[in-house]
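Pasting a structure below so you can have a look.
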Amino acid sequence: MSLIGKEVLPFEAKAFKNGEFIDVTNEDLKGQWSVFCFYPADFSFVCPTELEDLQEQYAALKELGVEVYSVSTDTHFVHKGWHDSSEKISKITYAMIGDPSQTISRNFDVLDEETGLADRGTFIIDPDGVIQTVEINAGGIGRDASNLVNKVKAAQYVRQNPGEVCPAKWEEGGETLTPSLDLVGKI
Amino acid sequence: MSLIGKEVLPFEAKAFKNGEFIDVTNEDLKGQWSVFCFYPADFSFVCPTELEDLQEQYAALKELGVEVYSVSTDTHFVHKGWHDSSEKISKITYAMIGDPSQTISRNFDVLDEETGLADRGTFIIDPDGVIQTVEINAGGIGRDASNLVNKVKAAQYVRQNPGEVCPAKWEEGGETLTPSLDLVGKI
Amino acid sequence: MSLIGKEVLPFEAKAFKNGEFIDVTNEDLKGQWSVFCFYPADFSFVCPTELEDLQEQYAALKELGVEVYSVSTDTHFVHKGWHDSSEKISKITYAMIGDPSQTISRNFDVLDEETGLADRGTFIIDPDGVIQTVEINAGGIGRDASNLVNKVKAAQYVRQNPGEVCPAKWEEGGETLTPSLDLVGKI
Amino acid sequence: MSLIGKEVLPFEAKAFKNGEFIDVTNEDLKGQWSVFCFYPADFSFVCPTELEDLQEQYAALKELGVEVYSVSTDTHFVHKGWHDSSEKISKITYAMIGDPSQTISRNFDVLDEETGLADRGTFIIDPDGVIQTVEINAGGIGRDASNLVNKVKAAQYVRQNPGEVCPAKWEEGGETLTPSLDLVGKI
Amino acid sequence: MSLIGKEVLPFEAKAFKNGEFIDVTNEDLKGQWSVFCFYPADFSFVCPTELEDLQEQYAALKELGVEVYSVSTDTHFVHKGWHDSSEKISKITYAMIGDPSQTISRNFDVLDEETGLADRGTFIIDPDGVIQTVEINAGGIGRDASNLVNKVKAAQYVRQNPGEVCPAKWEEGGETLTPSLDLVGKI
Amino acid sequence: MSLIGKEVLPFEAKAFKNGEFIDVTNEDLKGQWSVFCFYPADFSFVCPTELEDLQEQYAALKELGVEVYSVSTDTHFVHKGWHDSSEKISKITYAMIGDPSQTISRNFDVLDEETGLADRGTFIIDPDGVIQTVEINAGGIGRDASNLVNKVKAAQYVRQNPGEVCPAKWEEGGETLTPSLDLVGKI
Amino acid sequence: MSLIGKEVLPFEAKAFKNGEFIDVTNEDLKGQWSVFCFYPADFSFVCPTELEDLQEQYAALKELGVEVYSVSTDTHFVHKGWHDSSEKISKITYAMIGDPSQTISRNFDVLDEETGLADRGTFIIDPDGVIQTVEINAGGIGRDASNLVNKVKAAQYVRQNPGEVCPAKWEEGGETLTPSLDLVGKI
Amino acid sequence: MSLIGKEVLPFEAKAFKNGEFIDVTNEDLKGQWSVFCFYPADFSFVCPTELEDLQEQYAALKELGVEVYSVSTDTHFVHKGWHDSSEKISKITYAMIGDPSQTISRNFDVLDEETGLADRGTFIIDPDGVIQTVEINAGGIGRDASNLVNKVKAAQYVRQNPGEVCPAKWEEGGETLTPSLDLVGKI
Amino acid sequence: MSLIGKEVLPFEAKAFKNGEFIDVTNEDLKGQWSVFCFYPADFSFVCPTELEDLQEQYAALKELGVEVYSVSTDTHFVHKGWHDSSEKISKITYAMIGDPSQTISRNFDVLDEETGLADRGTFIIDPDGVIQTVEINAGGIGRDASNLVNKVKAAQYVRQNPGEVCPAKWEEGGETLTPSLDLVGKI
Amino acid sequence: MSLIGKEVLPFEAKAFKNGEFIDVTNEDLKGQWSVFCFYPADFSFVCPTELEDLQEQYAALKELGVEVYSVSTDTHFVHKGWHDSSEKISKITYAMIGDPSQTISRNFDVLDEETGLADRGTFIIDPDGVIQTVEINAGGIGRDASNLVNKVKAAQYVRQNPGEVCPAKWEEGGETLTPSLDLVGKI
């Protein structure tokens, strides 16, 4: 069974954010929308461009009430070191979680036990701490963070309008389908 | 651990395609790129628009050498019934796999054991039968099939150019990054 | 040990009945006589004629205080789709239960685990929710619903006249045997 | 899962037939059609009428190449004693199997472990020793053996005409349905 | 360890006695002396002569306060049928217990699991429901019920005269031995 | 299941016989009829009279080709000591087996584990080493060895005349019943 | 770990003493010194001389407050029988315990399970029921009971003078060693 | 079961003997008589006097073909240290085995697991490596080594004269008992 | 996981210190700093020089509030014996713990189960009984106790100044590093 | 049992060395002396000074034929990033192994499972891949790498001079002790 509809398991972690070390736990996810973006390793190649790309969407996501977290099995010390070293990473203002105990990566089912690194998984989590979308790519296949905004809007619309159904390729303001029995087999 | 990098487990199934009932097994996936699109139920609401949307990308995907399969835990009889009844579904020309034994849905980790229905999962599978991308959305959040073409291109580029790294938001013809040691921590 | 004399195990299901989706649980069986008719799959061949045949007995069964339920591992959505499509099925006015989680089929011991489809089993259930008769045919061997009325009458007679014994080929109004010790070995 | 489609498990038994004690094993079922009729107890009330009713169908069943066996957990000695005592039973010419070890009743899933008696189950078995139909009634509800002939004919027709489908209420010479894809959802 | 000195395990059974069906349980054994006489099967050969022989001792045993029960794994229906048919058995006035569930035969350790029939065992049970003597013969070796009276008398004497010892071949009124230390090694 | 029809389990023992210590094993039982007479303890009260009583039958049993063995959990040394001390025991000429390891008593299911003593069990064993009769009495109830001769004769008759049946209270030369189907339910 | 320093496990037994049968339990050992002398079998060879030898020390042991018990797996009946028969044994006035259930011999770890006989073990037990010395000889090697008196005296001295140490070959009134730290390595 | 009659389990150890460190294994015990003398600890109080006492018997034991070994859980280094320090111990010329791994002490069942020290056990072992006598004393109760010579002689006599029996308090040249059946119960 | 940060497990032991035998338990370690120095065996070669070397640091360690304990699997008796014999060891004034039960050595994970001897491990334990440093050398590689003083000072500084970090090669009074976020990746 | 004397378990890892990524396995340790220096995390505080200190000893260790490896659970990418960023770390020329799978840290028993970081453990490994010394410090207590040279020399001396013993505080050229029996207890 996939993680869709499951509540995030308990965790406690250190993160680097805006020049400081902060604590993050699963309790922090309650009452806000969250995006968790896993990647294999600091100081590796695709990762900085993916994380930079996510940073560019950060303002738009914040406006939707979404907090963003990146996660790798590196420590928060390494996140700071990378932030200090890399031009792309230095732009990042969201929380970079260190997961050296591999707990969070294992909880989200993205830990490669053989290498100890996380797969490239992106998760949207609702204000109940429940996972709404999962996206995971093999190494080398970059993620397009710009889809995230649309996905979040669709997830928020569904949450606010229970009973209405959101068709494919939905964009904000587009027509949605309210399910009625007559529609079965007609569309 | 996620399904990324895992080979598709063995299955045998009946599918409805182009007015006929055909057999599909995991062996058919060898030597071609494949997209597997799971959805909960025939004759339900979002599904037809998602499957119609996928049909619109089918030609483009075929040109990339990609075969498309939709899967639900309905039977192939029901797929034919739905194809006959629904205007949107009647356009579909790719194979609609029936999975009433729930084997394939369980193999792809998208079966909701309580309801017996599949989550909305989309998978890109390479010519070795190995899963390259996973995307799963909660009920009501539609999928945008247009991303699939880009993702497939990225996956194909990575396969054909081992050692080069494909950054985020990659589009065909865009610049890619060839990893070298000097780049570590620089981008 | 057969299911005869066993109470129906708990279940919750959606059914299609008279153009609506309704809930059905094992609790609904208490206080009425019930017939459960399992069949493999909507949109397949023998099934519609069997279900049509059952519909023709529905009025007679209703008069005996019997509610009728058909069950397959298809969803209630599919039952509606089939009802809309098929001339024979469109006549059906009893509840068509969807059992995609396979719970009810497994409880009645008619689930073929390999195919995920139900065997062709018919069950008469008394107002205590206890199974009184079981009949199961291999694929292709049709059931004759007209026997059901007689069987129900015999079951009701036995329930209302405990201590009397109902001989073979019993029909309403026919002579029954009241067991007495003297009859042992005499008939 | 029901016993439909399962081969009869191995057994060895003594039976009373035509004034003699004979051996019967599961191997005897190969190459002929068979009916197994279980009942709780010799010298009890409904049973003689049921067995008498079955005897009346015996000639017709023989013509269809069907051998008939009654089975209870009484011994073959008791079958003889009953045959000598009861007018109805004295007419019986088919084999009356004694199953005091309860092996056969347990194999056909009709043994009530608490009482040591068999439920009233009737089984049609094909020439491969495979069970094709099951019918079980609670105590007191008599069986109508006249249905057996029709059921056997249907089972034989299906065996001889694989690929054709036999609708409900089928009688010999009636129209059958040959399944074709076009019929799905049409009937 | 043998059953000598063990209390009879709980059972509930139907018996045929004096033209009626009665209930017998282990509780009925409390407060009376009992003889249990197991045999393999009604309507078989040695059995009637053994049971007739036992009947001839019944009056003498009754005078000693002993109730007599015969037991086979046949039903009480069969016992009645046999009583009606057989000249020898028709004389029997003690209770003939039916043990089709094989519980009592298994409790007294005389059930042949392979055939489902009881060995030819005779047991004397005291008013506490405790087994005092066991005698079991292989098939074909008849029992001599006339010994039973003497054995019961000896058992009753021992119960009434604790501390006295009853030598071999004891008959009522004969000399008994009261044990004293001086006798050790002397007799 | 009782020991009737079971072969005696392997044992090796020392016995006292005719002023000598001899070896006895289960192999010695092959090719002769044997009586095994268990008792609790040498130098106790009933035992000498029982053993004396058995000695009186010894000649008659020998003529029937029967060897006699008494067994207690005392040693063969003690058997000699008792033989030397007791007037009754000094007459014994059959083998007195010592079973201090309790193996034989346990094999014949007559060991009282709490006291380490044997119940008063008598067994007739045929020339195949198979137990034909069992008789066990509670402490204080003496055995009547004179029955043994009749029982042995019955057992020998059954062995020599397979297919004939020996009724109750059988004595040598008496009429026996040859079973035929016609007799079922008649006697 | 040896039995030294372990409390005697619970037991209940019958013994022969001074022409009477008495009860002995582990509780009787509390508050007195005890000697337990195991031997294999009454009426065997070395045993009487060993037991006679022990009897000769009995008076001296009694004066030291020591009770003496011999134990074999023979019964108390046999002990009486032997006492009556044997000149040497007839002199014995200490308790001869019968251990036919083998409980005590097993508790003292001297039971030979294969033969059911006890090894030749001698044990000194203090007034707390705790074993102070163990001596066991293979069959045929006699014990010299005269050592027992010295051993008991040493054990009593140690108990009464805790902190003093009793050297080898200690005899009453001899010099003992009071341990002091200075003596370490000096003697 | 005691260790009497058991072969010594395999071991390998270092010992101090005559100013040298030597290897000792269980194989060295084959073909000679051996005495094993366990004691708790070097540099403790009773021990030196016991070991000195044993040394005084060493010549006599050697003449009987007996090799002597003392064993404690101290190392062979400590044995040398003690030998150098203690006047009594410096006289010792037999092998002092170091058993810091506690293997030998555990094999001889004299290890106190709580303290890691050996009980005061003395064992005589025959030329087959089989234990013939066991003697164990609680702490503080010294052993008298002078008994050892007599015990060894008895053990050797029994070994050389199988079938003869050696009475209690046996001394070389004394009368022995040859067992004959007539002696049973007479001595 | 190493023992660093683990509390010392419970133990009770005897030690030799300043000419006396004292008790030492894990509770004694609370409220003081402790050094535990394990070594294989008294009276062996490297050990005395190591222990002498440790004695030379004892005064300096005492000034730092550190108690010193040496431990081997020898007894406290042997420690006294060695102290009396060896010039080097006679200088020792710290507690020499005897661990013949091997409990402490096993708790500190330095027991070689095959030889029963301890590895050469040195441990610094803080006043909470928690292990702060571990050092273990293979046999023959001596330890330099002079490092201990510096290590203890560093451990004490870290305990007294939580939040400050002590660099490598730290010596008292040297500059320490107070961690601040800015230093990450700078030093 | 400690890791002393154990061979290093198999591993495969990536390391950063001299501006390149290289492979390191346990096989590389064969035929050379090795030092393994574990530390918790790159970009943390004590670590750089410890690693710098180790670098200062690298030349001396190389001369002794010793290869040096640092290990943390960071990736080799992070090691490069740190090497690029930190002045102290930039001087390092030995191999910095990345152990994100935590395999090596777990093999050397220094993994803190809760944090996923390694304890500060230093290990000297001989040319057979066998661990000779272990040293582990709690967090904050720096290691003094200068001891390593001396320890290595001692370990090499012991390896080259088996049978000689190296006292505490050994330095090259110093006097060593050749063990002889006479020295036991003398030094």
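Per-chain residue numbering starts at 1, and chain names A, B, C, D, E, F, G, H, I and J are given in the order in which the chains are listed.
Simple rule for what comes next: contacts are C-beta pairs under 8 Å (C-beta built on N, C-alpha and C of every residue); 3 or more make two chains touch, one makes a residue touch a chain.
None of the values given here were measured: they were computed from a predicted structure.
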Those chains that touch subunit H and also touch subunit C are none
Comparing each of A-J, A-B or I-J with F-G, which pair has over half of its contact pairs in common by residue number?
A-J
Indicate the whole-number Å distance between the mean C-alpha point of subunit B and the mean C-alpha point of subunit G.
86
From the C-alpha centre of subunit C to that of subunit D, how far is it in Å?
22
Return the distance between the CA-based centres of subunit G and subunit I, expressed in whole Å.
50
I need the residues of subunit I touching at least two other chains; which ones are they?
43-44, 77, 80-82, 84-85, 113, 184-185
Using the touch definition up top, name the residues of subunit C that touch subunit D in the complex.
1-5, 43-46, 48-50, 52-53, 82, 85-88, 109-113, 119, 121, 131-147, 150-151, 154-155, 158, 165-170, 177, 179, 183-187
If you look only at subunit E, which of its residues touch subunit D in the complex?
41-44, 73-75, 77-78, 80-82, 84-85, 99-102, 113-117
